[in-house]
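For reference, chains read A, B, C and D in written order, and residue numbers begin at 1 within each chain.
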Amino acid sequence: MQTTAFQHRFTVGLADTDAAGVLFYGHLFRHAHDAFEAFMARCGHPVPEIIAAGEWGLPIAHAKADYLRPMRHGEAITVELTVRELGEHSFRLGYRFRGPGGTLRARAETVHVATGRADGATRPLPEPLRTSLTGAPGTGPTPSER
Amino acid sequence: MQTTAFQHRFTVGLADTDAAGVLFYGHLFRHAHDAFEAFMARCGHPVPEIIAAGEWGLPIAHAKADYLRPMRHGEAITVELTVRELGEHSFRLGYRFRGPGGTLRARAETVHVATGRADGATRPLPEPLRTSLTGAPGTGPTPSER
Amino acid sequence: MQTTAFQHRFTVGLADTDAAGVLFYGHLFRHAHDAFEAFMARCGHPVPEIIAAGEWGLPIAHAKADYLRPMRHGEAITVELTVRELGEHSFRLGYRFRGPGGTLRARAETVHVATGRADGATRPLPEPLRTSLTGAPGTGPTPSER
Amino acid sequence: MQTTAFQHRFTVGLADTDAAGVLFYGHLFRHAHDAFEAFMARCGHPVPEIIAAGEWGLPIAHAKADYLRPMRHGEAITVELTVRELGEHSFRLGYRFRGPGGTLRARAETVHVATGRADGATRPLPEPLRTSLTGAPGTGPTPSER
């Protein structure tokens, strides 16, 4: 059980699937980002407000995923998001995609780097965001891999 | 007030937006289809089961949308789905996309035609589906346009 | 033969398809927009420059499509774009999607309205754009439906 | 210069961008897959035929990307695809995304595993595919990272 994970749910829609009948691998990242946005809103730092403010952003510098078992059309998937690492200028999020019954279907990671919007230069994470990420649901010791 | 509409909710995610800062027009149809799939599941005819059975399908023969006001990043949108027309071989669904406070942002329509999967030929809507669509939430006299 | 149409080509990728094995209806509009952007670049009014300038935009007020025959994974599709109507504040584009051999697979239309970015208010089409659209490849008498 | 890479080109369309004005990170994988499909067709093993045959597939078991510099709306991007590793049951592809002038914007990797469609079990790569991947454009010693 991952008691510390932030949870986000979605159903695999027809638009998520491909001719092989399962979730297209690239669409996983859209759902990961939806989970990230829900998490940030819960933390009190809604992504739309950050972008609209236009001062700094949190572009993704790295993303990866392991696809363990197919996610099929109509399945209810739970995304468990955890803060894996909190650095000076960036943070790393982990995602687990679980099917009905809790079976692990996929794992993913994203690394978000604070950058100035004007120049694209790396900058320290704003202190209020750092504080939120430290105490957030989803923050804590990395849970075991399964 | 549209008392008969089936309701589906989503939040405009970053992946839905484009460089102009609002929902990309084509992504509206993904959300319309998500609403359609939720509606069909509620009616007892889940789309994934229909497709997996492989006998017949409900391809979309026509789709249209009017975009009245932009849908912005982070906005909570309610899709109201109604059955507009129920024919021998097809049905027409109407969608209204409303923002926070109920303002109409967009209207859409899709026409779904029952076809055999083997030959693609039009066939009558299966009777159980017709019955469900007749009594479904979202079925009834076409509500006034706003 | 449609001698006046602007042509844009794409191949139906796995990401375009769904579990029913054919192009997902909503993805048609992404390809229509790719054709529109290629057309605008050819006309000397690249959409990225219009958006980046931030003064006015060409949001889509209406879109529709008729799906006549499935577009299958791997098929080479030609989009034929024509200017159907050129108004004071808006223009209407028609798209025909043809498969190998020229068979008509789908028809679509989009209506683009010139609006100020600051207030969203409708404004006249800039004269240079109007001139380009009048003489553009793809402009002319509406070709017959097939 | 990467003389051995298979090249695939695309233009960053409005649908690729997000409210931050650049390519949404998840959409990179759709373009990577388009490059993969073009590569497989060139190798004589079109993905649509593999999927339609229904016997075996090449699901992606792992994907990752590093985003080095933003890809902006309207930019012409060249994807360079190379075969990084060819195993008994799987292969690893590398992708470099270059902007106009050749600047590296992003790197990506995908691992494709041969599996039976009926049972999902791993199986050896078919010999003709292995042969093609060995001699394919894009195959060879891993080029240096930039």
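Points to keep in mind about this one:
Assume contacts are C-beta pairs under 8 Å (C-beta built on N, C-alpha and C of every residue); 3 or more make two chains touch, one makes a residue touch a chain.
Since the structure is predicted, the reported quantities are computational estimates derived from the model, not experimental observations.
Set side by side, the interfaces A-D and C-D show unequal numbers of C-beta pairs in contact, with more at A-D. Seen from the Cα centre of chain B, the chain whose own Cα centre is farthest off is D. The centroid of the Cα atoms in chain A and the matching centroid in chain C are 34 Å apart.
Averaged C-alpha coordinates give centres for chain B and chain D that are 34 Å from one another.
Separating the centre of chain A from that of chain D, both taken as means of CA atoms, is a distance of 23 Å.
Remark: chain C and chain D have CA centroids separated by 28 Å (rounded to whole angstrom). Under the contact definition stated at the top, the residues of chain C that touch 2 or more other chains are 14-15, 19-20, 22, 24, 26-27, 30, 33, 48, 51, 73. By the touch criterion stated above, chain B contacts chain D in their complex at residues 14-15, 17-22, 24, 26-27, 73. Considering their complex, residues 19-20, 22, 24-30, 32-33, 48, 51-52, 57, 59-67, 70, 110, 120 of chain B touch chain C. For chain D in complex with chain C, the touching residues are 11, 13-15, 30, 33-34, 37-38, 41, 46-49, 51-52, 72-74.
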